[in-house]
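Take a look at the structures listed below.
Both complexes below contain chain A, partnered by chain B and then by chain C.
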Partner chain A sequence: MNTGYLAGDLRALRAAGLMSLRQIRRYPTNLFGTIFWPVLLPAVWVLMGQAYSGGGDPEALNAFASRAGTTGIALFVFIGYLMYMWLSALLWGPGTALRQEQIRGSLEAVFLTPVSRLVPLFGPTLTNIVWIVADLFVMGLAAWLLFGVVLPLQGVVLAFAITLVGVPAMYAMGALFGAGVLRFGEIGPAVQFTRGVLSMLCGITFPIAMLPGWAQATAVAMPPTHIVDGMRNALLRSASPGDLVPTAAALIGLAIVFGALAVVVFRWLEASARRTGMLGRY
Partner chain B sequence: MTTGPAVEVTGLTKVFEKGRRTVWQRLRREPDKRSKFVAVNGIDLRVERGEIFGVLGPNGAGKTTTLRMLATLLEPTSGEVRVLGIDVRKDPRQIRANLGAMLSGERSLYWKLTARENLEYFAALYHVPPKETTARIDAALVAVKLTDRADDYVERYSTGMRQRLALARALLPDPPLVILDEPTVGLDPQSARDLRDRVRELKRQGRTVLLTTHYMEEADQLCDRIAIIDHGEIVALDTPAALKRRIRAEEVVSLEIGMTGEDAPMLARLANSAVIARSERHNGTLAVTAHCASARDFVPAAFDAARSEGATIQHVEVVPVSLEDVFISLTGRALRE
Partner chain C sequence: MDELRAAVAIARKDIRNVSRYRFQVASSIFTPLYQGILPALLFGASFAVAGHVVGLEKTIGTQDLAGFIFLGGVMTGLVATAFWSMAMSIRNEMEAGTLEPTWLTPTSRETIVLGRALGGLFWFAFSQIAIFAIGMGLFGLRFRPEILLALPAVAIAIVAMVGVAYLLAAVVLLIKEANFFIDCTNYLFGVAIGAAFPITLLPGALQPVSYLLPATYAMDLVRQQGLGTRPLLDPALEYVALIVTTAIVFPIGLWAYRRADGRIRRLGTINQY
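Then we have the complex of A and B:
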C-alpha cells in the first residue's frame, strides 16, 4: 500500500465520520431515540423474564442460572440488547451509508475521488462507536434505576475492551452488506433477515444453551456471540482479564476471516458495479 | 505527470447487457440470452492539453457513458483509454487524484451541510494536504463566486449555485483536466451564462476542459473543438467553424408551406436550388429546412415552386448555419429527437 494514500485515507476516514456527525446534529430529534430505545426494548424482556421466573422464585432462577451462568436476568437481557442495537447499527450502517449516497446522487462524486472505497463504506458509520458508548451508559443507568443493578467498574472496563476487540469483526460483517448495495441497490430485506437470524443465534435475550446443537455450532462462528458472551462474563460472572483472552482470540480470528471475505466480496461487487453502471443507478 | 494529450482514446466500446441472468440460470449453465446494447461503439478521441473540447449529441447518444469511462466510474468493454497519460485500467486512482469531474451536478452535494463543509469533506477525500485545505477551498469558492454564501446550507441554494458549488468541488484537487457532464442543464439563462464564464476561466488558467452538452449554442460558444456523437459513434470532429463549413451552405432557410398535395414533387422542385436538410408534414403544413448558398436566390425560387404546386408559403426564416444544421446534415435528425 502506498503510504501517501494510506495517510490521506485515514484523514478522509476522520472527515467522513465528522461529516456524518454534522448531519446527525442537524436532525437533533434523532438523538431522542438514543435515550429511550436502550431502556424500553430490554425492559420489556426483563419484566417478561421476571414474570416467567415467578418474580424471583429461587428454583426458577437456579434453572435459568444452570443455562445462563447467572441469576441476573436484568443485566443478562440488557447486555443482549446492547449487542442487538449495535448489531442493527452495524448491519444497517455501512449499507445504509452507501445506499443513502446512491439515492442522493453523491456516491459517484465520492467514487470520483482517489480515496479508498472503504472510506465511504466505514467512515460515516464510525459514529456507531459513539452511540455504542452512549447506549452502554444509558443502559447501565436504566439497569441501576429500574432494576437496582449496579455495574462493577472492572466489569465495565472489560466489557468495553471486549467491545473494542469485536469492532473489526462487526465492521467486516457490516461491509458484506454494504458491498451488496453497490451491485443490488436495495438490501433491506437481506439485512432484516440476517439481523433476525443473528438475534436468535447469538443469545440476545436467552442463553444459547437453549438452541439445538447445530445452531449452537453455527453461533460459535458469529462474532456477536463472542462479544455478548464476553460482556456477560465481565459484567455478570466477575471474569478476570485472563478469563477473556479466549474470547478476544476468537474475535480476532473471526475478524480475519470476515475481513478477508468482506474485502473479496466488496472488490468483486464493486468491479461488477463498474461493469454494469450500477454506481449511478438506484 | 507526462506530457502529451490530456485524453487519448482508441476504439473505445461499451456494451451493456439488458435484463438479468438469474443465479439459477448461471448454476445450470444455461446460455446467456440477454440482449446487448452498444452504448459507445469504437470511438477514437484525442483531447489536447489546454483546450475546451465538447462532446455534442442528443440524449442517449453515448456522451455520458464515454465520460464515465474516462472518469474511471465505468469499465470499458474494449479499447484503450489514457487520461493525462495514464491507462484507466492500470492506475485509476492516480487518474482520479488529478481529475476534476462534475458528473451529476447539484444532486451530488450534501444539502444539510454548508458549502464550506461540503468542500472540507471532499478536500479530505481528494487527499488535499491539511495545510493547503483552507487555501484551496477559498480559491475554489472565489473561482465560482460563492465566497459570500460559503457558510449557508446547500439546501438554501438555487440550482445554479449548487451547480457552481459542484464545479468548485471539482477544482479542489487543482486538476489539469476538468470533465463536465451537461454543466448547464436545468439552469436559467443567467446562471448558464455565469457557469460558461467559469468554464472559460478554467481554460485561461491552463486547464483542459472536456464537456458534454446537447445545447448547440453552448458548444459553439465555448468549445475549441467538438466531437458530434450519435448512436455511440463520432460522426464528426473539428472546430465549430470547420464543422459548419462542412455542410457547404452559407445560410439556412426554414419554410412553412401550406399545401394539400404530395410532399415529393414540392421537395423535388426546392431541391433544384438548395439542399433539403429536413422536411416534416403536419396536416396541411410542410416544414422544410434548406441549406443554400444564398437565401436571396433561393427564397424567390421557393415561392415559384410553391406557386407551381398550388401551395402557399406561410412563413420564411433565414438564419446562419448552426451546429444543429451540421448535426441534421450528418444524421438526418435534429438534436432534440
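Then we have the complex of A and C:
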C-alpha cells in the first residue's frame, strides 16, 4: 500500500474517532446509563444467585463450584456482565456505525471519499474502548462497595491484559456483524437477537458447563467466551500469566479468522450494495 | 358508553399496528425467553444438587425453579406493558406528530391511556400464553390448580398498573424524551416487586419501597397459590394491602396525569418534542 494513502487513512481514522468523542460530549445525560446499567444489571443477578443458593447453602454452593469452578458468585456475575456491556457497546457501536451513517444520509458521501472502507467501519467506534475501561472501573467499584469483593491487583492487571488482547477479535466480530447493514439495512432487532444468543453461549450469567454439548462447541468458537473465561481465571482462580497464554493464543487466532471473514464479507456485500443501489436506501 | 367505544377503538388500532410487524410480535415471545427466562433457568440449575434446587427451597419454600421464574415473568410482562405500551406510547404519538390531533378529539384524555392499556393487555396475554405453552412443552412447567385463586390478585394488579401508567404518562408528557427514564424505572420496578428474587433479599432500606407497591403483593399471591411458596405476609393481609395500595396509587396517577395535561395545555407545549 502507498505510504501516503496509509497516512491519510490514519488521519481519517483519528478524525472519525474525534467526531465520535464530540458526539459523546454533546449528550452528557447518556453518561448516567454508563453507571446505572453496569451496576444494576449484575447486582440483580447476584441477588438471584443468593436466592438460588439459599443464601449461601454449602451444598448449593458446592454444586455451583463444580460447574463454575468458583464459589464467588458476585465476581462471577460481574465479570460476565462486563462482557455483556462490551457486547452491547460493540454491537450497537461497530455493528450499527454504518447504519447510523445510512440513516443520517451520509453513508454515500463517506463512501465517495478516497479513504479505506475500514475507516467508516471502525473509525467512529474507536471510542468504544473508553466505555469498556469505564465499565471495568465502575463495575469493580460496585462489586467492592455493594458486595465487599476486593479485586486482587495481579488479577486486575491480567484481566486488563486479556481485555486488550481480546480487542481485535471483538472488533473483527463486530465488523462482521456490521457488514450485514449493507445487505439488510435495519439491524436493530438483529442486534438484540445476536446479543441475546452470545450472552447465552458465552456464559455471561451461568457456567457454560450448563449448556448442551453442541452449544459448548459453538461457544468455543466465539471470542467473548475466551475473554470471560480468561478474566474469571485471572480474578477468581488466581491464574498466573503463563496460565493465560492459551486463552491469549485462542483470541489472536479468532481475531485473524474473524478479521479475514469480515473483510471478505464486507467487500462482497459492498460490491453487491453498489450494484443494487442499497447504500442510500433504508 | 362513548368513552368505552373510544377506548376499544384505540385498543383495536394499537393491536392492528403491532400485528403489522410480525417480527415484533415474535420478538415479544422470544426476547423474554432468551434474555431472561432461559439464562435464569440455567443459572438456577447450576446450584442444583442431584436435580434438586435445594437453595431455592431454603429461600422460598419450593424447589420449583421453572415455576418461580415463569411466574416472575408474568409480573415483569405486566409491568413492562404499563411502562411501554401504556405510558411510553404517548411519546410515540409525539414523535409521529399525532398527539396534538388526538388531544383535540372530544375523547377524554384518561380514555386515551385506558385504550392503550386494553391494547397492551391484549398483547401481554398473547405473549404470556405463548411463553407458558413453551414452558409447559419444553421446561416441564406445571402449576397447582390453586393458581386460579390468584386471578383476582392479578386483576387488581392490572388496575394498579393502569394507575402507575397514568403517573408515568404524566412524566412523559412533561419531560418528553423519556426513553431512558422509562427503561430505568421499568427495570427498578420489576426488581422492587420481587419478580426476579424475593424482596427479603433486597437491602433493608429498599424493602419498605417494595411494600408500598401493589404489584409486590400480587406477585407474592400468585407464587403462593401457583407454587406453594412461603408468603411474605398472611395471604388475607396481602389481599388487603393489595387493595389499599391500589386504591392509593390509582387516584394519585390520575391526578398527576390531569395536572400534566393541564400544564402542557397552559404552556402550549403539547406539540413540542
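Quick note on the criterion: the second predicted complex is superposed on the first by the 282 of 282 C-alpha atoms of A that agree within 3 Å, B and C clash if a C-alpha of one lies under 4 Å from a C-alpha of the other, contacts with A are read in each partner's own complex, and residues count from 1 in each chain.
Note that in this section a contact is a pair of C-beta atoms (placed from the backbone, for glycine too) under 8 Å apart; a residue touches a chain by one contact, two chains touch by 3 or more.
Note that this is a predicted model, so its numbers are computed, not measured.
Per the definitions stated earlier, placing chain B and chain C onto a shared chain A by superposition produces no clash, and the two fit side by side.
In the overlay built on the shared chain, the residue A:277 is in contact with chain B alone; chain C does not reach it. Legend: residue contacts after superposition of the two complexes on their common chain; A:102 is shown touching neither chain B nor chain C.
Contacts of A:8 after superposition: chain B is touched, whereas chain C is not reached.
In the superposition on chain A, contact of A:192 is made with chain C only, not with chain B. After overlaying the two complexes on the shared chain, residue contacts for A:207 are found with chain C alone; chain B is out of touch. Chain centres taken from Cα atoms put the angle at chain A, between chain B and chain C, at 90 degrees to the nearest 10.
Taking all C-alpha atoms of chain B against all those of chain C in the superposed arrangement, the shortest distance found is 16 Å.
Taken together, the two structures place no residue of chain A in contact with chain B in one case and with chain C in the other.
Contact residues on chain B toward chain A in their complex (touch as defined above): 16-17, 65, 68, 71-75, 93-94, 96-97, 99, 101, 103-104, 107-110, 112-113, 117, 120-122, 124-127, 130, 166, 169, 173.
Those residues of chain C that touch chain A in the complex are listed here as 23-24, 27, 31, 34-35, 38-40, 42-49, 53-60, 65, 180, 184, 187-188, 191, 196-198, 201-202. Against chain B, in their complex, chain A makes its touches with residues 4-5, 8-9, 11-12, 14-16, 18-19, 22-23, 26-27, 104-106, 108-115, 119, 271, 274-277, 279-280. Interface residues of chain A, counted against chain C in their complex, comprise 29-30, 32-33, 36, 40, 44-45, 47-55, 57, 59-64, 67-68, 189, 192-193, 196-197, 199-200, 204-207, 209-211.
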